[in-house]
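A short write-up of the structure that comes next.
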Amino acid sequence: MSELAANTQSAVPRSATTGEPVTTTARRNRLGIWMCIVSDATGTVALLVAYVYLWSLNVNNAWAPPKDTWADPIPFWLITAGVIVATLAMWWAVSGIRAGRTGQFVAGSVIASLVTLVTLIGQIVQLSTFPFDITDGAYASATFWLCIATALHLSVVGFLTSAMIGRLRAGRITREDHSHARLVAMWMTWVCVAVFAGAFFATTLNASPNSNSPTFGTFQE
Amino acid sequence: MFLTGNAGVRLSDGAKRGLLTVLTVFIGVLVVAGSVLFLGKNQQEPAVLAATVIGTASTPQGELPHATVELSIYPNPSSSVPGPVPVGSRIGDPRSANAPSGWPFYWPSTTLQLPANSLITMTVHQYDGSTTVWNNYFAKVHGTVDGTAIYNGKAQKEIEPDNVAHTFTIHQYAEVTQDGFFVSVPMLAVPSNAKNEANGYPKPQDITFSFITGDPGEYVWNCEDPCGYGYVNFGGVMSERGWMSGTVTVV
Amino acid sequence: MSIVDDRPAAGSDQPEEPTNRPDVTYRLREWLSRPYVRPILTMFVVFCLLVIPIGWLVVFFMNMSGAPASDIMSEIEKTILVFTIVSAPLMAITLTIIIYSLVGWGRVTGDEPPMQESPAIRSNAIGTYLWIGATSLLAAFLVIWGLVELATITASSYGSVSANQQPNAVKPIDVNVTGQQWLWSFEYPDQGKISNEVLVVPINTPIYFNVTSVDVIHSFWVVELGIKIDANPGAITNTGVTPNKLGNFNIRCAELCGMHHAYMETQIQVVTQDQFDSWVREMGGKRTV
Amino acid sequence: MTAVIHEQQAVPQPKQHGKPGGFLRHTNIVTGVLLGVILAVATYVIGGLLVPWGTEDSNFAQVGQEALIAATYAAWVIGFMIGIGAFAGPIRWWLGHDLTHADAEYMAGKDQGKWKYWKYTTDHKVVGIQYLVMAMALLGFGGLLAMLIRTELGVTWAEVFDPNFYNSIIGTHGIVMVIAMIIVVAGPLGNFIMPLMIGARDMAFPRLNALSFWLLFAAVPPLASNLLLGGIRDGWTVYQPLGTQAPVGMIGYQICIITFAFSTGIAGVNLITTIVTMRARGMTWNRVPIFVIGILAAAIMGLVWFPMYQYSQVLALSDFAFQSSFFIPQNGGSVWLYENLFWLLGHPEVYVIVIPATAALLELMVVFLRKPLFSYKIAVAGFAGVVGISSLVWVHHMYMTGWSPAAGYPFMLSTELISIPFGFLVLVMLGTIWRGKVWTRLPMMCVYAMIWNKIIGGITGVYLSDVPVDQYMHGSMFVVAHFHFMLMGAGLFGAMGAIAYWFPKMTGRMLNERIGSIGFWLSFFAFQLTFGSMFVAGLQGQPRRVLQFDNAFNVSNWLSTIGAYLIGVGMLIFLYAIITSWRSGQVAPSNPWGAKTLEWQTATPVPLENFPVLPVVTSDPYDYGVPDPYLAIEKKLSDENQDVTAGAR
């Protein structure tokens, strides 16, 4: 009962939807986001496993793209850098709103949105300028899908960050109740990890270690 | 609803429930039976093609009845040869419904019926071009009377793997007790430069071979030469009864 | 409905644990004297005796298409017998309790929740330890037995050790098994690369299989010899067996592989060495040295 | 505590945009289906213009046909979700127009009568009913396919169906039943009952709750339509590369799984968050009803492992429609990659099916035995152990694939270890039954059925977990019979018991137990016949998924088919019992079983926000029973004993 009394008297604003203190809903939403991250992590792991496993097997000696034209590593790292910058900007914005500095929040989220947009465009450019086609062997397929996954992640992040200004103006993000901004930043932090892992594998694991895999349909190793 | 008893029939609650239960079960049975009849394959397979008995012949196993079957392999349907019903009209696969123009098929039927314990002489007129077999084992002739087949009058034990258009391969439906029934004959391809004749098809290759059937039984046959599409070209025609595979009933 | 649930706290309605209990034998006798204990123990023994024959039944069904034709198959059947026997007690006690509870401890019928309640047993240290101990022992036994058996079978089917490194006195015969839609074909590399659609092998000679597929996944299952390995496209898998019984046995495809999967069957014919050599000769291959 | 409601009005409400509910006032299943179909047709036609008919590649296959069909299916799903109003939430969030209390109440279906079941309704009770109906529909469809399969196998002398069509039937039966069994307990009961049980007003994320159901709804038509588009010709596992050989019906399967995985993941997030954060005050972790723990376990496994399956289908679709090469060996793909990704979910999924049913029966046993649950902690430990180990056993489906023969050793170990935590659950069941007076009602009978089936499924599982034995049994009918004993024998019969138990709370009427029991017992005994003889067929050496076989297997298949028909009859009778009781059954009191869990303490039918005032929990819900008489005797004995020792002194 005392706890309840505390709630009624304290200045904690309440969610218009359910009438609970926003601290309660914030805790709930945070757990939800953690769960989403766990689930999305498994999917990302599935893609990485596919990449590494096919790399290690080199079935039918067909892992490498035609004429060993591996993808250029630079774009991968540029895109990773872009995501990280956007995430830092978002966290900076969150710290701003927490201290009540609305201007810093606006600046931070605008930067985050713009950087994310640029990175997304960069990702699409990279996808369309690979020196190989998705049909050119296992490496090509795996790399394409790692980048497609990044593109999907980036579009979600773009949607989230771009909503910040509107929600601020609608009074949904205030000094007392800024949990949604934090959730966005949390999600972006996970996206950084995912993108980095993809870039790391795609740039470091190129030539397959297995050179004597059997030729398809025969018994020659 | 007469069971409610308004129509003069007075039923106790329990009896009503019982009747309705039976009714439910009955409806279920109807649904299952209906689906079986509607989806069953009977109306989907081509008509039976029975071998015509033309007397007796002397074989390694002594004097046996002799029957003949004549088949053709066309590269695609045409005005003169309509070809089998596109699978699409049976199970609505858009690919097969929309792409029969390049589908080879055995004609007039793939549902064969052969007399038991007799010599079967099969003649095939082959109008199709070549594709390479995956396994050279099927470029050889197996299971015919003297291990050969007659290609345009010339007896051969095998042909060039790159020159195979299709194969006619009966394989056993094994019971440990019954010994196998295995016949596999590669079909010689028409040269790629052959020009079409009036009927829209090139001059066919004629392949003739004889084999001896055993006791009555149900067997299947199919083509082992990749002439469909999809993975390793074994989709499409290769996986459809009535085109590149069928059944052999020995009676 | 009351806001605050004023139900008593858990277990408060039980008398506190008795202090300085009577000695174990006394309590055991007291327990055995309870009306329901003896029937349950008898039922338990009876069910044990009823369950164990299931093992032989299983083996009987396995042998319906022919007795084991290799040591591997015999090992498999032995394993089944052992597993049935060791897991019989757990099956039996479970059966006993559910069946006895239907008759022994009283039944209540009717639409209203029964007034008379059952004894509030929230835990029983001895029972719990017994059960967990038993299941753990069982699991441990299964694991150890299984690992040993697996090692034995891997040895006698040569696992993935290539043929020329086999420790056998007799040189194994290599057979290259190719699965394809919807046929098996067998090639004898050492007998002059002769090939056939029926597998012919000499008795009491180790056979070493290299298995692959030229299209989809098949599974190479020699039923009565108890070996099975998938035929994977783009990979070579190995197994092996030493047939010890003359006759024809089944080879089936155990992985759905398309339209004629059901018809992807052939035979393995186990013959004497002489028959095998003559067969090789007439197939145009060269004799085994 | 009554303050709660009062406070809700006290909360300052933001500007109300339009009428309560806004856009969702105009959306329902009709608009959803309409928009979905329109979008799908439009995509198909426009795509057809881009790649005109008759454009054929060297193999005479339609160019871009697969991509076109994939786009069409995707368009259906997206169009349906737009039409049902699923995107209203995100857009409102983007604009900052968060829900007012009035919006929330409208979306929870306030004052909308029956119509709310056809809308994007967020109330957990509505979603629960929707899941129940959907599960029964799927079970009916899968059951019909099962009848067709058994017909084919019973007619041993000829082919009834075209072989390809038969393969499509077994594949569709498999996946439809798996989906149905995944949702049949965790869907209806996890959504309707669980929040009541923990004393919450609704799920943590009501809109996600509606989303998860309507995603499932959108996923079903693509799956069902595969039979019209050439079918999935390679079983529910759809091993590649055989899948890439199938007609375009395969895409229906892949789109269905991808969508369904989203649905499961979202449901998992929702269930876990609800259970962790929304329990009534005083409901500490050792007072949570065991059913809630079971739902939590299942939700965790689904949430963590479903993406593996989802991505295996994404990559397979990419192979099929865009000729990439994850599973095409010629181009460097690996068939083992698919098998691993698939079974990484494929095995935990078995427990996702069995665990909720088991937990539900544990929950109702105590009521019908009037005894406390036997050692709650052991039960929780059992669930925890299963969840933990279930992710380490998937390779036992791949013993015979030749993928790393050495892996057989560790995975045989883990597979046999998982029998220990599973044994915990059996111990709890037996300990609860021990010395209990049975109140013989239908739900309790399901407990006995489930234990019996688990015994048989368990012993056969012991055989299969062993690599050497699996070398004979893998891919044979024996395996089929085994997992039917686990999934149907334990899962479905458990679900029947659970639904019979909570039926009064969900529908407000009692289940007609006379008819229900007839159906239940008929299907139970027919089930033994069907799968018992299927065991025999497998032992004799009949492979799975064949439509013709040696005459040696005829007898066991005939028996199996007869049994299958009887199961069908029994299930129909049970279905009739449910329908007739739902429509015109006798009205149920709020607590017909005299149970002590929270869901029975509120009114029936359950009011919109479940509880007039949120309850406070002071003990676990299992304090049934009278003091153990033998304990009293022992107490007396020990006292005498004391006197004796005293006298000796």
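A few notes on this one:
Going by the order they are written in, the chains are A, B, C and D; count residues from 1 in each one.
Here is the rule we go by: a contact is a pair of C-beta atoms (placed from the backbone, for glycine too) under 8 Å apart; a residue touches a chain by one contact, two chains touch by 3 or more.
For clarity, every value in this text was computed on a predicted model and none was experimentally measured.
By number of C-beta pairs in contact, chains C-D lead all other pairings.
Taking each chain's centre as the mean of its CA atoms, A is the chain most distant from chain B. A simple rule picks the central chain: find each chain's mean C-alpha point, then take the one closest to the mean of all protein C-alpha atoms, which gives D.
Mean C-alpha position of chain A lies 53 Å from that of chain B. One inter-chain figure worth recording: chain A and chain C are separated by 46 Å, centre to centre, where each centre is the mean of the chain's CA atoms.
If you average the CA atoms of chain B and of chain D, the two centres end up 41 Å from each other.
Averaged C-alpha coordinates give centres for chain A and chain D that are 30 Å from one another.
With touch defined as above, residues shared between interfaces to two or more other chains in chain A number as follows: 59-60, 216-217.
Of all residues in chain B, those that touch two or more other chains are 134-135, 173-174, 176, 231-232, 234, 239-241.
Within chain D, residues 1, 163-164, 233, 241-242, 245, 329-330, 333-334, 336, 548, 550, 552 each touch two or more of the remaining chains. By the definition of touch given earlier, these chain pairs are in contact: A-C, A-D, B-C, B-D, C-D. Only residues 59-60, 213-214, 216-219, 221 of chain A touch chain C when the two sit together in their complex.
Note for the complex: chain D touches chain C at residues 1, 163-164, 167, 233-235, 239, 241-242, 245, 282, 329-330, 333-336, 367, 369-376, 378, 400-402, 405, 408-409, 412-413, 416-417, 419-420, 423-424, 426-427, 430-431, 433-440, 448, 451-452, 455, 458-459, 462-463, 465-469, 471-472, 474-476, 535-536, 539-541, 543-550, 552, 592-594, 596, 601-602, 612-613, 615-620, 622-635, 637-639, 641-642, 645.
Chain contact summary for the complex, chain D toward chain B: residues 53-54, 56-57, 59-62, 65, 69, 144, 147-148, 151, 158-165, 227-231, 233, 241-242, 244-249, 328, 512, 515, 518, 548, 550-552, 568-569, 572-573, 575-576, 580. Those residues of chain B that touch chain C in the shared complex are 134-135, 137, 142, 169, 171-174, 176, 179-180, 182, 184, 220, 222, 224, 231-232, 234, 238-241, 245.
The residues of chain B lying in touch with chain D in their complex are 17, 20-21, 24-25, 28, 31-32, 35-36, 39-41, 44-45, 87, 90-96, 98-99, 101-103, 173-176, 218, 228-236, 239-241, 247.
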